[in-house]
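Every chain is named by a letter (A, B, C, D, E, F, G, H, I, J, K and L) in the order it is written, and numbering of its residues begins at 1.
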Amino acid sequence: MKANVYKLIELTGTSTTSIEDAVDHAIKRAHKTIKSLCWFQVVETRGNIEKGRVNHWQVTLKVGFEVKD
Amino acid sequence: MKANVYKLIELTGTSTTSIEDAVDHAIKRAHKTIKSLCWFQVVETRGNIEKGRVNHWQVTLKVGFEVKD
Amino acid sequence: MKANVYKLIELTGTSTTSIEDAVDHAIKRAHKTIKSLCWFQVVETRGNIEKGRVNHWQVTLKVGFEVKD
Amino acid sequence: MKANVYKLIELTGTSTTSIEDAVDHAIKRAHKTIKSLCWFQVVETRGNIEKGRVNHWQVTLKVGFEVKD
Amino acid sequence: MKANVYKLIELTGTSTTSIEDAVDHAIKRAHKTIKSLCWFQVVETRGNIEKGRVNHWQVTLKVGFEVKD
Amino acid sequence: MKANVYKLIELTGTSTTSIEDAVDHAIKRAHKTIKSLCWFQVVETRGNIEKGRVNHWQVTLKVGFEVKD
Amino acid sequence: MKANVYKLIELTGTSTTSIEDAVDHAIKRAHKTIKSLCWFQVVETRGNIEKGRVNHWQVTLKVGFEVKD
Amino acid sequence: MKANVYKLIELTGTSTTSIEDAVDHAIKRAHKTIKSLCWFQVVETRGNIEKGRVNHWQVTLKVGFEVKD
Amino acid sequence: MKANVYKLIELTGTSTTSIEDAVDHAIKRAHKTIKSLCWFQVVETRGNIEKGRVNHWQVTLKVGFEVKD
Amino acid sequence: MKANVYKLIELTGTSTTSIEDAVDHAIKRAHKTIKSLCWFQVVETRGNIEKGRVNHWQVTLKVGFEVKD
Amino acid sequence: MKANVYKLIELTGTSTTSIEDAVDHAIKRAHKTIKSLCWFQVVETRGNIEKGRVNHWQVTLKVGFEVKD
Amino acid sequence: MKANVYKLIELTGTSTTSIEDAVDHAIKRAHKTIKSLCWFQVVETRGNIEKGRVNHWQVTLKVGFEVKD
């Protein structure tokens, strides 16, 4: 690893099925515009409820990627 | 949205299989007595271990619901 | 429960599939050398990304076990 | 002050105008059913946005009141 | 342990003598209406002062209990 | 709500008059370039002082908006 | 800016009307004895309640000022 | 209560016997120079160990008192 | 003090009587195998409840000791 | 200072030599595209280790800059 | 160590060169009026930027000293 | 990276000269007994003071290493 610089962005992914799926959605979307994604960390796990059931998982994560020179 | 007031309660759901399942249990149980549940946020994820395996996932969450006039 | 003393150790389990699986790995490994594992709490959920997909989930947890006399 | 016991509940008040107004709404609503409210502390200040303007302030607070014998 | 659901409530117990006594007061009072109390965790320790002496210890704790079906 | 992805950005709004006004400034400015702003949360409230009076309120907030496909 | 040293003190201002007013009171009072106040940050927002209304806002803030040689 | 202003100072009290005693020491000492002490909150509980026993409890607390005009 | 290195371990001590006693148990047990214990800091205070009374205090602490060359 | 709006971005700078150097790298890189950088705050200090030595310091910081109209 | 009482004050030291230097400045300045300084802990590390370079490191620390009888 | 398991230990390194040096001391010492050290994160930076100068920097860090099968 060289003396690189990384940027972190914060995203909220959503999913009707699981926490992992919500994270995947966020990362897949970010990958469309940023190819150098390196790592993520989960910041918050929330969700909305409809009729006594989880409707959407809402997982906020920070995603880090290398900033090219 | 009108100028509503919401109440948050704190619950711990348990499950032998997954974090999502533990959250579902807590929300399903709360729904029995409170029909207006709106959202939740995960506060803590713990569990107990038996013979080197997770026995129960214990997920503490805050659940918000509208307080009717 | 007697007036026992417990020790907590911090581990990071990894998995290509899920948070629960990463926790299981860490606990299964710890169980090889410590038979009296009692409980765990998730401290942090991270992961590394390759080609726009989660490559490994990295879940840090504290695991508590009884210290025998 | 005797050796009293207090209970804390968590509420989210909303308002289109200000943080103070959102807090007032939550306390006024709680006062309808609990007459012995003593103090509050603000836990979180959020809001939703519509067309580039704050639509509702959402202020979460803990409210403490004396539990009578 | 079955896949139970627990509720956590937040209380402030007070005492003129000690932290432990303040916790005991809060739990004893809660037990009057809730028989299934399981565990507690101390959230904050405060107190008021009169004439250069602690007048009342004020200990805030979360108390968890099983929610029956 | 579909399985959307949201991005959060962090802004500091300033105002000579109030916290709410500082938040409004930040959101109004962000709205110039991002039309899909959904929600915000206050992260920090600071200010600078001149001659014993608050000169500017400086309120840092996270603002979330939907990332379009 | 030279290599100055600053001191931070912690104050609680109170007001019957607003958070901003409580902050103003604290800063105005501190300014009576310390002329070099530079900045503040809000640490906690609480209040006491009487008859279902906010009686006093209690805002705790840190205030920084330059320590002269 | 008028629109008073309070100051908070941070102290560490020590004791060979208990947490309560360490708090008492700190408050008693502060009372020598400040007569208007109102409340305290415990910030941290530490101690040093000698020969496998607690030698001194070291309890850090914030103490609030009214600032007179 | 030379340029020493210290290690911190995390323990939970339990007691039927007090927080101080739970800390003492943990330190006494650690001292059986580690003679160079220097300091501790309380991380969490919890307990379990039986029949409306504290059954065991459970105090988690970090304990630091010098690592010899 | 007018009623400006600032944006904060989060960066991780790396260096083989020191924390200060890692911060410098991140700021220097950000300055290439943003000329109005005003301040930073260190969020986290980490690093990777190779053969028992720090290989790279990894310092995460928030950097604030003015958003022009 | 007797059952002493310590006071903690909060300072921000600045330096154009390093974190350590900023801490040194704050301690050296405090030592001018308080001779019994014992320990410090770093609370926050910030700085201001000019022309894409760190202009001043601003390190906030708590400094503890013994309060004499 | 396979589905490895890592352990984190907490150490305090000390140095008379700098934060980096204190970290180096801790890692160098840990390396004597654990060859697979991978990463570290700084948890706390403190120090003791003698005669108005920093005597020792005390830097607490978590160090992670791979647990071999």
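Rule of thumb we're sticking to: a contact is a pair of C-beta atoms (placed from the backbone, for glycine too) under 8 Å apart; a residue touches a chain by one contact, two chains touch by 3 or more.
Keep in mind that what you see is a predicted model, and the values were worked out from it rather than measured.
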(request) Going chain by chain, each one touching the next, work out the least steps from subunit D to subunit L. (result) 3
(request) Check every other chain and keep only those touching both subunit D and subunit H; list them. (result) E, G
(message) Once the contact rule is applied, which chains count as partners of both subunit E and subunit I?
(response) H
(message) Going by more than half of the contact pairs matching by residue number, which of A-J, C-I or A-C reproduces the interface of E-I?
(response) A-C
(message) Can you work out the whole-Å distance between the CA centroids of subunit C and subunit F?
(response) 38
(request) Indicate the whole-number Å distance between the mean C-alpha point of subunit F and the mean C-alpha point of subunit K. (result) 32
(request) Mind checking the centre-to-centre distance between subunit D and subunit E? Centres are C-alpha means, answer in whole Å. (result) 22
(request) Would you pick out the residues of subunit G that each touch at least 2 other chains? (result) 9-10, 18-19, 30, 48
(request) Would you please name all pairs of chains that touch? (result) A-B, A-C, A-F, A-J, B-C, B-D, B-E, C-I, C-L, D-E, D-F, D-G, E-H, E-I, F-G, F-J, G-H, G-K, H-I, H-K, I-L, J-K, J-L, K-L
(message) Which stretch or stretches of subunit J touch subunit F in the complex?
(response) 1-10, 62, 64, 67, 69
(message) Residue numbers of subunit B touching subunit A in their complex, please.
(response) 18-20, 23-24, 27-28, 30-31, 35, 37-42, 63
(request) Enumerate the contact residues on subunit B facing subunit C in the complex. (result) 17-19, 44-49, 51-54, 57
(message) Under the stated contact criterion, what part of subunit J meets subunit A in this complex?
(response) 9-16, 22, 25-26, 29-30, 48, 55-56, 60
